[in-house]
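We call the chains A, B and C, going by the order they appear; numbering starts again at 1 in every chain.
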Amino acid sequence: MRSNPGEGPFEVAPHPNPLPSKRAFTPVFDGLCGERERTARGAALMDLLYKIFLDPFVQMGAAPDLLVQTLWEGLVAGVLYSLIALGYVLIFKASGVFNFAQGIMVVFSALTLVGLYQLGVPAFLALALTIGVMFVLAFGIERLILRPLVNQPDIILFMATFGLTYLLIGFGELVFGGEPKVMITEALYLPKGAIEFKILGGFVQLQKIDIAAAIIASIMVAGLAVFFQKTRIGRALRAVADSHKAALSVGISLEYIWVVVWFTSGIVALATGIMWGAKSQVDFALEIIALKALPVLILGGFTSIPGAIVGGVIIGVGEKIGEFYWGPLLGSGIESWLAYVIALIFLLFRPQGLFGERIIERI
Amino acid sequence: MNAHNPAIVAKGDTLLSIENVSLAFGGVKALSDISFDIRKGEIRAIIGPNGAGKTSMLNVINGFYHPQQGRILFQGRTRAKMRPHEAAAGGIARTFQNVALFRGMSALDNIMAGRTLAMHSNFFWQLLRYGPAMQEEVVHRRRVEEIIDFLEIAAIRKTPVGRLPYGLQKRVELGRALAMEPQLLLLDEPMAGMNLEEKEDMSRFIIDVNHQFGTTIALIEHDMGVVMDLSDRVVVLDYGRKIADGTPTEIMANQKVIDAYLGVAH
Amino acid sequence: MFYREAGQFKTSYAADQAVFPLLQDRIGIGVILAVAFVLIPLTGNSFVLQAMMIPFLIFSLASIGLNILTGYTGLISLGTGAFMGVGAYACYKLTTYFPNVNIIVWVICSGFASAAVGVLFGLPSLRIKGFYLAVATLAAQFFLSWCFIRVPWLYNNNSSGAIEVPLRTFFGIPITGPNATPMTRYFVVLSIVVAMTWLASNLVHGRIGRMWMAVRDMDIAAELIGIRLLPTKLFAFAVSSFYCGVSGALLVFLWYGGAEPAVFDVNQSFFILFMVIIGGLGSLLGSFFGAALIFLLPIVLRFLPPKLGFQIHSAMIDHVQFLVVGTLIIVFLILEPAGLARLWSIAKQKLRVWPFPY
């Protein structure tokens, strides 16, 4: 992927910066060993500083097509993070439950879809059936978990969704088997292959499925926004999010709202599962990826739908850029924690998230 | 309890003085240009209609909010920006409008927690729960038991406070504040939501605290009867401004106060 | 009837402030200690010791650590696994550099390394609360997990990337490494766990414990009675991470005998969190209950069916195990959200008034 992997920073000739580190390499006094050592150490430090603060930008300037490619990949990853985060936000808004199982719902829905297809069910019937399964799941969760736990502290509900995670893992593996599966992209008429086009003196490759994912995600977000803002159920949802008791007192049925909202986030999970499954494969390793949605939530705030989208894109892009340009410095793999650290630093300056309101504590 | 403490400020002198304090949240002015003082040993009531800024005033006094303008002198010293725990160390204790007890702990532990500042045994003795740590525990338990006796809550000392009825919770909260042996005790609506009998008990405790221990008390209360009976001087706030300051009799006769409470015909 | 305090008069505040003011409790603790130190070693075979008792005790210790943070101070942490890992790797490095120092000293010292890391990652807790803090601790979890894989110095540049526990002796008896018998290791683990539980119980019953609980129950009120929030929270992070670090070191040195980075991944953190929640937040006894249920139950699930004559495929058992653990978590939360510790105190109350209902 990288245009000039073997070359060190000094080969990037056209860079206008005088590069102080270059000068440091010339020993000043040949006879003084300590001096030379010191200069060498200074040179190493300058080199490191150069690698951290300048080199990545030099690379970006040198190969803009790679930068565009990286940005695009970050964007796509970000959209998928946003979708998972959206599932969390929906449930958190309406029931105050931090649904740890959202990640597993993604896997479970995708698994159900593929599993049904493998049993010989036509693809679109399988899709419809999966939606049905998600409804049954939402109904079951409301009846068996949420209702008995009404009025418990948040952490208890949080733990209950942990239990739900294990339950779904066990159930999914029991029914469909634990081995990874391939998403049925063709049968669902999802596009395959890639578009390549020339830009800034290089090629950028866009996977069609990624484009589809971005479009579908946008449609879903727009739909949800309308649903939340314009419909009667949407208004009820917002009321429930503010206060359970107050909502009950004006005659909103919590049970009904919860089923609706868990079902909606089940649908979101299914869409995410299809997209993600098409990019990699369907197995329970996705669960860890779903945890990536947590920093997204922090950036965007737990209750903001636009926040989830913007946060997702920031995390996705930040992560890919960081890994690609700064990762080699640290021995790569920093993608696994970079998102969390970005979120953590962000939190220190804005504890309420990007779109959250300023927290005023009342006593 | 406080009797042996060397009083830094003599009875009757100014203990706390608020000078031209203004506080705003964004564009909303909660307090504007308020000045009054609290004298050592008195019961000072702060009254006013809902939203007048009474609780904000208490929050400013114990350092929870920082006023944009004005200054506060406590025991004759100008107070710089102060965190609540520093105010506590300086001798300001507080109860809350909505009971703010440590719900997971017993009444005894709540009041013992009020003595945290007075306890100093180090971590290693704490680990062993022996020697100085245990002696300290016993010494302070004795003090706490005095407060428990005083507030007549001996029967519930080991009950988790979450299970206590509201009136008793308020009493435990008062106990926790008393355990700090404060110079100045801020009571935010200590009688809200109580029935007559409970109010009478609470009034008795407040007077006793004031008389027996000489504790200075600042009190927010809505029940005018209670305010007029208990307090030495009253300050009245309305829409974040001070509209009157004086003895209960003066306040009752003050036309501005009557207007603030009953409204003015335009 | 069986558990009555009637007739036990306390004549001093010292007696009333004791950790176990009731005679029955003191007898109970004595019996448990006797069983643990005498009965189990006498009757248990090496399977019971190696596969059940040792890990159960180690996980109990980790649960106590997390309980100090989450149960007593109210700070949710999802980084327990990583803090355990810090302890394990610190112990490994220490004993590599100073092989002649007694390993038990290093196991304890590794807790300090973990405490330091815990304090560092606890710093955000000043501004961040609740679930936000949980995500912040996930940053610690993933960053440290990455370090365990990517920093070869931590595992002595070993080509396998795993740590191997060397042989270490205590007065000539091997206590770590392949030659140590389960019995010796059991006694070492048991002694450390009992001692540290005792110390933790002293802490939580005294001034420091009250400060933690005050911060947990209402941080604003805590501040207004003079408790400084950040030092108190950081101290909880330090003590909690210390316990987790020691348990991590024990896990590798006295149970596994070697470890890969995967041992300390995010699932380990969740596992410990289950124990704390199921056992009961804010209860040391609950930590043991939780560890017993969450750790021992899968073992029973694994070994019971063959004993009863059922033959089940091992992959199937894995699935069923997930299913059962998940169901149990939900069922327990619904039946008793305050955890097994609350069930225990209800049971005690019932015993107290037996044979009358109240």
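Going forward, a contact is a pair of C-beta atoms (placed from the backbone, for glycine too) under 8 Å apart; a residue touches a chain by one contact, two chains touch by 3 or more.
Fair warning: this is a prediction, and the values are worked out from it, not measured in the lab.
Enquirer: Taking all protein C-alpha atoms shown, work out their mean, then name the chain whose own C-alpha mean is nearest to it.
Expert: Smallest centre-to-centre distance to the global C-alpha mean: chain C.
Enquirer: Relative to chain C, which chain's C-alpha centre is the most remote?
Expert: Farthest chain from chain C, going by C-alpha centroids: B.
Enquirer: For chain A and chain B, let me know how many angstrom lie between their CA-based centres, rounded off.
Expert: Going by mean C-alpha positions, chain A sits 49 Å from chain B.
Enquirer: Just the number, please: Cα centre separation of chain B and chain C in whole Å.
Expert: 41
Enquirer: Where the centres are mean C-alpha positions, what is the separation of chain A from chain C, in Å?
Expert: About 32 Å, centre to centre.
Enquirer: Out of chain C, which residues touch more than one other chain, so two or more?
Expert: Each of 220-221 in chain C touches at least two other chains.
Enquirer: For chain A, jot down the residues that touch at least 2 other chains.
Expert: Touching at least two other chains: 363.
Enquirer: Using the touch definition from the top, which residues of chain B touch two or more other chains?
Expert: 64, 96, 100
Enquirer: In the complex of these two chains, what residues of chain C are touching chain A?
Expert: 76, 124, 127-132, 135-136, 138-139, 142-143, 145-146, 149-150, 220-221, 266, 270, 273-274, 277, 281, 315-316, 318-330, 333-334, 337
Enquirer: For chain C, which residues count as touching chain B in their complex?
Expert: By the definition above, chain C touches chain B via 12-14, 16-17, 19, 199, 202-203, 205-208, 210-211, 213-214, 216-218, 220-229, 282.
Enquirer: Enumerate the contact residues on chain A facing chain C in the complex.
Expert: On the chain A side, the touching residues are 98, 144-145, 148-149, 152-156, 158-160, 162-171, 173-174, 178, 288, 291, 294-295, 297-298, 302, 330-334, 336-337, 340-341, 343-344, 347-348, 351, 361, 363.
Enquirer: Would you pull the chain B residues touching chain C in the complex into a rising list?
Expert: 62, 64, 83-85, 87-89, 93-94, 96, 100-105, 109, 112-114, 116-117, 119, 121, 123, 126-129, 133-134, 136-138, 141-142, 145, 176-177, 180
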